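Heads up, the next two complexes both have chain A, just with different partners, chain B and then chain C.
And now, the complex of A and B:
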């Protein structure tokens, strides 16, 4: 019996993600054209010399696409890391500690959730005199942590009541040590999924900001490419090669990351693997209806549904109900 | 009575969140050293041939008009006072236009494309998600992957593709704007008929993505319910599939109602980029123009309205949950 059952969808998603990472990392080494160099006329059509043609300033679309993908990935990974780290720390401390600290941290999280992050990002972006890629990643990351904090807290609260935590306490383990070695491993599945979602969200937020005119100054990203394509009317003039590559690349990145997260969801939550159960039933040949739900693996809890639909469940309902339980 | 106390606590919480939002709205743009009037006046001097004396008079007038000659805390209270009177200030970029007027002109267009897309997307998406969860097999797989694809696609990318495909290549729909040249907004069938033809592309670019997102969420919830104890018990008793589906649907719908309210909260600010792509004269276009002109009063007004809409939607969700979720009522009474 394999410890982890990866579905075909997982491998497809992983392949797509690796493709985009490869393009972003290795692409600039293969495409030697400087994205800022003028290599032809305005909106030259794709040709043998310029595979994807030129843009509104006569620059190579292919070079911009490759360097733009790298910038977008850097912003996404950096912002995703920042947001996931902040959310993880706050969620862990709140969930494990409970009491007034839990209330204070969750109150802060709920306020941050209630205020739309796009608003804070816009306000911060217009306040900054210059916006490099790293600054933008920091702004997006600092505003993106609340969802992760809520999900992690819900799981940490349930893990806190397990017997092995009591054993660790009785053994004299320190607070930080219990959090790091006994609680965190149980949450890794959610942390991984949260991270993937954070990265995807950050990349799309960067593109949205760029199209509003708040993108990284002095560098090219997929969003900046779209901004210039729109500003110079390339869609209406039919210069499809100016906007189609960044559009398709953004869609590919977003879809592959979400598909990856969804596949991991099936790996970590056995109840979502209906196809496999149905297949197993066919092999055995029984025709009676399913007699029982799949046995949940030990780390799961009844609160999974809260986490799975975390963005749908209202803000305080879980907290309220859980308080009633306690 | 206990429900009233529940509502009171929620109301207080949201007033606190609103205050935090107001402070963010006011102070974040003022993190910059200097003030916008400096750059504004320097732009004027760069562009025109005004004399030094005129520039000085303009500068002083701007400082007075926008209250920038006072300490920051005084500015904040002036700002709050103006807000409570419903006054959003005067535009920098389109001076002396009132921000209230600009927003009032833009808001109906945003709501016009967002509200139908949200409602239709919710109904269609939930239906598809529920059917996919119950049927399983290849229908489930196909519906799931395509819904996931649509929900993951950035809405502005879909907007660009639709605009290029149907507007430019096929040429069957207008490529931008909200109504034809020569017409002005009015309540008449002629104007409505004209505006509706400009409506389809923005609408479809939003509704497809809403359908996808809703279907994915509903499918997950319904699958969880399919594996729950009460469903297995019902099957064991020999209940018909139709009855079981009704039970599942009712439980799976609870978080979908939350999602609907939150989507309606995103009514104002949810389609910023889509409006840019289609040159639709909504809030997104207003915000974009304000950003490019460093028009701080308009930017603050738009972000404030977006925040207010989201907070109001969240509050409505809390009320709705108190009414429709028995667990909330039980917790309030203390039965649990």
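And now, the complex of A and C:
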């Protein structure tokens, strides 16, 4: 892995992501205030005791922010894992197997893609008898997989024709083992990026749902905080501390994850590299990465795979718009 | 475009991918950088969005002394009654649009007499006064001089008799008056007599109906009464007797224009405004912003922290009271507890819940300080009901927010054991929860109150969670008993209160069991002594007599606790912005009550254009 040069962008992105993770996971341990405890009145301004003031129920905004960040991250990670797993399995099987199974799976995926997933998410969350953060993550996860499946399938199709697959077949490897050991590793870089995007998308979808009043009941999330801030006219009364912190936090999470994804893109795909890292390569005269490194596969496979990388990024951005606009 | 045609021969999937890929590749980073901005903007934008196309008066900055210019200056803009496109103006139908609905301003339709919630009196309307004969065995109302419909025909005692008679056969909103009303008759063309039934004898609901029923013209509605289509009429060109006529309406507004041939000019005077406009908003926040800016003159919306409008922003905004609680209490939103749910059927459990609820916090946050913490009584402690209020009883036998006391009841009196999940279990194994607390979505003050109730209960070890379905859903769940806990109110202050409130909450006679629709006693409460006491209260002739009976009922209530008062709420919210119209009544200038319905119409005739 020495060949991989992490760009400064990557380190900045990683730092931001780690910061939000730390805030969400360690924050609740540091901030001792119970997010449900009444510590003041309706929209008390920030003070020495309450750094971010109180919300419409007289609860600490700071405590709600760290607990809300945690809920949002948990929902995001869980939904991202579910969506990526479903998409990966369907895409791998369809792309590698081909034939009628491919047609069937992709037909299903295309149908799923055609239905606006925010509508499905809203209907599902209304229909469910209870809305915990886990059910919410499940709902977001099972509606977010189609574009991952499509992209993974495209990549798997190109890997299928490689010689080493034939070698594996000749040596008697089973179907499952070929998928897991000979196909999947070539897609891992892409899957990691897709996962990051899924997480960011899921967090924004959760916020969108919560702002519609369909958030997790019984727990606080960033979207729930925004929902109450809007419902209680915090903008009219000038209680900026009620809506700014969750807005900034959501922006930070989404921004850092997207930044991480795009810098990972540069790490995995040298063609996209800019700045010093790219210039140095030119000076040294390295034209293309050497054969054998599994990571920069998309480059080696030429024209075709370039399109596929493009598509992956494109569709993922599409998912984002969904979350962001909600 | 070129790119796409190049690849027309490739598989459709591939060509789509290519065009999308190339168009996004270049703008991806730009997208990343603006996505953050867009999100922040979305949060702020949402608050201001939704103003829609509803027409309001133009904000006239710096022109406070003159008010609005032009036609908008001659218009009174009101808000808070109409939340969807108007479909009908049928005053006897199930959901009429403003102002034909019950409990709204008497702009088109009028009542015989008008209730004043401040002193409990009945002010003249179409009738001069309500005369009580023989201790309430009958009432007579004489019509004012020259009462006329807006189409020029005379409004006579026949119209009044007709209005009440049609409710006998058809099921209209005021039909239940016939449980207590024997006959309505015209003793002469301008006098109506209401005879009260002797069994059950109760003049209160009759009085209530006389003060609350819009009189409708017989010559127009008679044919619908015979065809039995009264409730189905859209009535888009309403003929009423009030000072305004329906001018036009669409999904953004309802516009009324002044009727210069109003019969009551000699009695009530002429309103200063030429028209009254009700813009239709989507949510509280739209109307609140416009009230603050002076584009709405008077509003009936829940507006959080309204004092900031005059204290911080120096706007000419006001409410009835200059200080907390700003409004007069007129209703009690209650935690309604379904008596048929296991665990909640135990009065001691309900008592523990009553102690657990953080009512001071509900008053200060959910009600934005517009309420005192609610007391353990179904009688309002202020206004005209205060003469029945039992201060000593509430103090000795009532409850106040006390977590330790709630835990003590659970552990000592109920011998409940706390499970590993922090939730108590009764000795018979009944777990206290999970119970769902419902109230309609978007009713922000009630939603927040529910959140506080749920958290208060969780804090002592009772498992309660909230759910906010659409309003019609909640209504049908309440009526069918398909709920565990709910935030819902009973009848507000009226000529029949607090009798009507006790009856709504405690009377099991005529109330359907769970699974069938009932219009009162949603909790399916039963107590052997209540029906007799209710009848006695209705038949009582003096306030002292009533007071004793009401206090007995209140004492039974405090032992059985089918509902827990959460806060006090005004009968209607009443707030105004004086940048165009001035002279709204306040506590300092109490010439009219802070109401829209009933006697509230008085202020409409008295407010004046700024600078005149």
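A few comments on the model shown:
Here, the second predicted complex is superposed on the first by the 274 of 326 C-alpha atoms of A that agree within 3 Å, B and C clash if a C-alpha of one lies under 4 Å from a C-alpha of the other, contacts with A are read in each partner's own complex, and residues count from 1 in each chain.
We adopt the following convention: a contact is a pair of C-beta atoms (placed from the backbone, for glycine too) under 8 Å apart; a residue touches a chain by one contact, two chains touch by 3 or more.
Worth saying up front: this structure is predicted, and the values here are computed from it rather than measured.
By the touch criterion defined above, A:235 lies against chain B and chain C together after alignment on the C-alpha atoms of chain A. Ranked by how many residues of chain A each touches, chain B and chain C are led by B. Of the two partner chains placed around the shared chain by superposition, neither chain B nor chain C is touched by A:185.
By the touch criterion defined above, A:250 lies against chain B and chain C together after alignment on the C-alpha atoms of chain A.
In the superposed model, A:123 lies in contact with chain B only, and not with chain C.
After overlaying the two complexes on the shared chain, residue contacts for A:111 are found with chain B alone; chain C is out of touch. By the touch criterion stated above, A:15 is placed in contact with neither chain B nor chain C. In the superposition on chain A, contact is made by A:211 with both chain B and chain C. 204, 211, 213, 226, 230, 235-236, 238, 243, 247-248, 250-251, 254-255, 258-259, 262, 308, 311, 313-315, 317, 320, 324-325 are the residues of chain A that lie in the contact sets of both chain B and chain C, per the superposition on chain A.
Note for the complex: chain B touches chain A at residues 10, 13-14, 16-17, 20-21, 24-25, 28-32, 136-137, 140-141, 145, 148-149, 151-154, 156-157, 160-161, 163-164, 167-168, 175-176, 216-217, 220-221, 223-224, 226-229, 232, 235-236, 255-256, 258-259, 262, 266, 269, 272-273, 276-277, 287-288, 291-292, 294, 296, 299-300, 303, 306-307, 310-311, 314, 317-318, 321, 325, 327-328, 330-331, 334, 336.
Contact residues of chain C toward chain A in the complex are 14, 17-18, 20-25, 28-29, 31-32, 35-36, 38-40, 42-44, 46-48, 284-285, 288-289, 292, 303-305, 308, 312, 358, 361, 364-366, 368-369, 441-442, 444, 447-448, 451-452, 454-455, 458-459, 465-468.
By the touch criterion given at the top, residues 36, 38, 41-43, 56-58, 130, 154, 204, 211, 213, 217-218, 226, 228, 230-238, 243, 246-248, 250-251, 254-255, 258-259, 262, 307-308, 310-311, 313-315, 317, 320, 324-325 of chain A touch chain C in their complex. Listed in rising order, the residues of chain A touching chain B in the complex are 9, 110-111, 114-116, 118-120, 122-124, 126-129, 200, 204, 207-208, 211-214, 226, 230, 235-236, 238, 240, 243-244, 247-248, 250-251, 254-255, 257-259, 262, 271-272, 274-275, 278, 289-294, 304-305, 308-309, 311-317, 320-321, 323-325.
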